[in-house]
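Working notes, beginning with the structure itself.
Letters A, B, C and D mark the chains in the order given here, with residues in each chain numbered from 1 onward.
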Amino acid sequence: MVIIMQTGAADSEVEAVIEAVEKAGFRPWINPGVERKVIALLGAVDAEKAELVDHFSALPGVERVTLISEPYKLASRRTHPEHSQIQVGPVSIGGRELAIIAGPCSIENREQMLEAAQAVKEAGANLLRGGAFKPRTSPYSFQGLGVSGLELLAEAGRLTGLPTVTEILHPADLKTIAEYVDVIQVGARNMQNFRLLQEVGQIGKPVILKRNPGCRIQDLLMASEYIMLEGNSNVVLCERGITSFENATRYTLDLNAIPVIKRFSHLPIIADPSHAAGDWRYVTAVALGAVAAGADGVMVEVHPDPPTALSDGPQSLRPEKFQDLMGSMARVAAAVGRHIGTLAEQA
Amino acid sequence: MVIIMQTGAADSEVEAVIEAVEKAGFRPWINPGVERKVIALLGAVDAEKAELVDHFSALPGVERVTLISEPYKLASRRTHPEHSQIQVGPVSIGGRELAIIAGPCSIENREQMLEAAQAVKEAGANLLRGGAFKPRTSPYSFQGLGVSGLELLAEAGRLTGLPTVTEILHPADLKTIAEYVDVIQVGARNMQNFRLLQEVGQIGKPVILKRNPGCRIQDLLMASEYIMLEGNSNVVLCERGITSFENATRYTLDLNAIPVIKRFSHLPIIADPSHAAGDWRYVTAVALGAVAAGADGVMVEVHPDPPTALSDGPQSLRPEKFQDLMGSMARVAAAVGRHIGTLAEQA
Amino acid sequence: MVIIMQTGAADSEVEAVIEAVEKAGFRPWINPGVERKVIALLGAVDAEKAELVDHFSALPGVERVTLISEPYKLASRRTHPEHSQIQVGPVSIGGRELAIIAGPCSIENREQMLEAAQAVKEAGANLLRGGAFKPRTSPYSFQGLGVSGLELLAEAGRLTGLPTVTEILHPADLKTIAEYVDVIQVGARNMQNFRLLQEVGQIGKPVILKRNPGCRIQDLLMASEYIMLEGNSNVVLCERGITSFENATRYTLDLNAIPVIKRFSHLPIIADPSHAAGDWRYVTAVALGAVAAGADGVMVEVHPDPPTALSDGPQSLRPEKFQDLMGSMARVAAAVGRHIGTLAEQA
Amino acid sequence: MVIIMQTGAADSEVEAVIEAVEKAGFRPWINPGVERKVIALLGAVDAEKAELVDHFSALPGVERVTLISEPYKLASRRTHPEHSQIQVGPVSIGGRELAIIAGPCSIENREQMLEAAQAVKEAGANLLRGGAFKPRTSPYSFQGLGVSGLELLAEAGRLTGLPTVTEILHPADLKTIAEYVDVIQVGARNMQNFRLLQEVGQIGKPVILKRNPGCRIQDLLMASEYIMLEGNSNVVLCERGITSFENATRYTLDLNAIPVIKRFSHLPIIADPSHAAGDWRYVTAVALGAVAAGADGVMVEVHPDPPTALSDGPQSLRPEKFQDLMGSMARVAAAVGRHIGTLAEQA
């Protein structure tokens, strides 16, 4: 059983609940260091808990009390049967229109960023991505432009009218990133950086949470729970390939994950064919497969000149290839009852 | 370097080639027990070999001499740049029309087989599957009806006009199976049963070769090479899910494998969403994803009454669900420039 | 529930049991094409079955009736609480003495085979391995000497006094192999070639069953059940590495599998560090690790001159390295209460 | 090529190097936000770089210039052929004495911590572990006592004389943690939290870096490079199990990783059998296997009363089981030329 306090509940109210829990014979656990207090009852069996729901619900400062039968609660479709839609500027991720998030892996310079932004806008993308803080396997690789990259991304967003997405690596950058971009991305490597998830959850902005390539679907849903428990339910999940023994591609897109997540969670799920395939030659096929399987969007790396890219060149599409992909995606989307914004308007 | 002898080359011709190889300073290796002799030169470096191609090509009984730079040769797109099309009755697998192979996992009795056959025929499938010899993880599970199952499958094929597919487990059954069915399936568990592959290759019938869930794409192509080297190039590959750490589904469909195989091989590649997902709830999403990604067809388990199925019930579609899938697949196929036979005719 | 008939039960007895099963309201399933008939009751719930054990046990020709709560029965430690020991010549695999099975991957010629045999004998191995029929990923690779290889292996066995082990690929070779060698090995690629398992089970000889690198421990135990159900309980399991995303080594030795198998099964479990590591540099460390973790023996590839080996050269130990390994293994074995025959005698 | 500046090099010196790099025709890349500046030359081919080593080495403020042929440099055995030994109190990790790091998963209260500390000390452990900040898959699970946990750990360390180890989750906690403990652990989930690695690297304390279960050995070595590049070469690697398809255990210990890491890196490598197996029943076998394979130590979870543990109870050893393990480990260690401190002294 979990007792979720109201945001801003007084310390005395929290203490009174704790006392009540102890009096009822259970050990209370309180999540530390976050705004919204959640008190879990450790060691209690389900039957005992059920009787106490009303008792605890009535205490001052308590928002709600829930009996958790599956490990994730807020992300579960049981507690939220309809699909969630996350509004980002004019796009409603999880609705009938697909989210097409495109742009370069890394922001490298003004010319590259603006050119990429213009190209993806023209092709029909509705969100602009660009990395300013890059998590690189090697310390000798390009690590991103940092804040000056954020400025370029924001400028490109303004010029094209596209909402922007960038990745957070370090909690210290959170406020700065939140000032510059519309959507905060938690990358695969930080999917279980739980403290970062909590801090990101305390910012109101929509979050794209990428699946760690070594983690199960349930772990991804549990990670989203960390964000949602802070009061931010604007979470978009992203399947970007898992590790497997197959070495013909960089990762293995877990196509099954799309219908599985749709079954168990109300959160939107998008796919990242660029990382999953790791080779531009396969990106179109994988993107179309994901859309046909029900993905709510795709995140695609597009670079004006992939061979000179400072990161992920081999898996980045040239603008003209991306335009072709958009045409194909519009047809496949239509075949499964979805559409792509710009192209749909033209029709 | 590999010296491929003509089928029916005389023993004296083979011996003369071996002598020539030894004289040139190399150790010959001859594939044993198969009709078409292939003599490989062991221990030779590439540069040395290249000079000898003409020398050996000129010997009597030699069909061709090839320098192999990639591990598979006959399956490679380099030696056969256009897509292969495998003709099975009226269907050309690998052409614009998708191969839709449907039917029950196991043939259980006459009523079930005929009902399933009628249902998949009406929904637009163009090949009929049914297992008579079943490879079961447990010796206590139903192992198939054997020859009497083949008879039922053949009857169902005649009644519906659909070509039939069944799996071979034991070399001793090969001739019997070949009498009853149109396409022989080598299941995932026998993908590297090389002797079986060779014997299947000596039968002229088209072969569906399923990927072993623990094997790489390259291993699958090498396995197809065993069949093709026997003179049978009518091989259809099938991606049916690989093992991974994800346990929300039975296997993980390797969507990437579809464009990868299309790039490196000319052989058709189909997908089996039933085994990959292991749950009927996910079959439609996975099937559509595979078709959008470029699969040349799908193999789907359909059972008139899944809860009573003697094998794979949880992943089998009811006929009405299969009909829905066919409708969706027709739309997705059209979106990627393919079509489904029956439905296309109706349009 | 499974009704196991006596070997040689009359057809009329089998039919009477089937009738009784149907009369009791269940669907009988009979394993086809094997000597010992096993009749399983399909569709029955456990409670119903329990009451019928005595009823069916009393029928003529019935050997025993078992309620199966775990998927494997004969391999389970529940039905056989003490460790099984498989006697092979003077060695008792599963006892305190470790089984050290060594020799070349492939038998290449008389000199190589005898030299390798002499070397491993001198170093203290107690079983001699050599491949005559080789399952090779590529059809262009050396496929083994066949029967003439078996003759060389048998000769080497006679000369050294070591019992011999070789791999079976094709059911047609079974009788020939059984004439020449003491232990039949079912290789990883055939672990789920169930029909081969059944036929091997009908031969009385001890069997080494290697784990398929893509299969779970439970699948391995189920595969052993196929052999044991034919009346042959002389099965030795072998962990030889599983597939994983790690590509620094050929496979990943699943060390955990050793205590897991010891917990759930009474069958001996040995390890194959040569295949698991795929590089002779790692073989010693992996072999010692397996012995310390409780393996009942190891299978190691030893070749007089690895660089010229026709298969698995990179992972084969030179005789002198093998001798070093034996010394280290003797010390580690002693540390965990086991010993190596020859060396222990010398001590 | 990488130009490593001296710690505290003047900005003007860094700028002069950058200018020199650009003048030589290359694009410089500077790692941002860390104390020790490293300037990488992007886009340069190896041959060109080699000629410039002396040129750049001579510039003021440059510590050294290295041509990197493998992706990790400082962690490579090529640059440091002998084994590294990391001194922690009286223990030299990587030397002949094994590091035995034991204690509870989570610090729960004073009594539990002191009891566990006393028990592992008596059994012969030479480092004490205890988690104060816990990375938990579920936000509803116990997240650790935080700073008050650190206080208890420090007290237990003082009372037993054992150096202490705890895990860092959030950069903000780094200084506090460094005040309380002797060794900082970066957990598996943060192995690629590169910014955290950099900050940890700037603290002089020894670091235990655990392998992420979805990451390759090479990724682990690259992660250690992030720490070492900050000037902290006191890094101990830890293999704690990787994800695989096997579900009989929580993770799969990658035993091969031990000799692989020993071959390519000079850093000590220890094993964590508790997480790798996930079940106390297997911990002893796995620990012994790791030691026999050459691990420089083990990290074992020990709890006075596992059933009441707030985390990882099922994989924690009771003190008496741990004592048994220590006895067995002493024997296996001796068999491979290593020893355990206390017990060795007693012998």
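The definition used in the following text is that a residue touches a chain if its C-beta (ideal position, glycine included) is under 8 Å from a C-beta of that chain, and two chains touch if they have at least 3 such contacts.
These numbers come from a predicted model, not from an experiment.
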| item | value |
| --- | --- |
| Furthest chain, CA centroid comparison against chain D | B |
| Repeated interface matching A-D, over half of the contact pairs identical, chosen among A-B, B-C or A-C | B-C |
| CA centroid of chain B to CA centroid of chain C, Å | 30 |
| Averaged-CA centre spacing for the pair chain D and chain B, given as whole angstrom | 48 |
| Chain C and chain D, separation of their C-alpha mean positions in angstrom | 39 |
| Chain B: positions in contact with at least two other chains | 214, 242-245, 247 |
| Touching residues on chain B, where the partner in the complex is chain A | 214, 216-218, 242-249, 252-260, 262-263, 276-277, 281-282, 284-286, 288-294, 328, 331-332, 334-336 |
| Chain A contact footprint on chain C (complex, rising order) | 214, 243-245, 247 |
| Complex interface listing, chain B residues touching chain C | 2, 29, 31-33, 38, 40, 42, 68, 71-73, 135-144, 146, 169-172, 189-190, 192-196, 198, 212-215, 219, 222, 225-226, 229, 242-243, 310 |
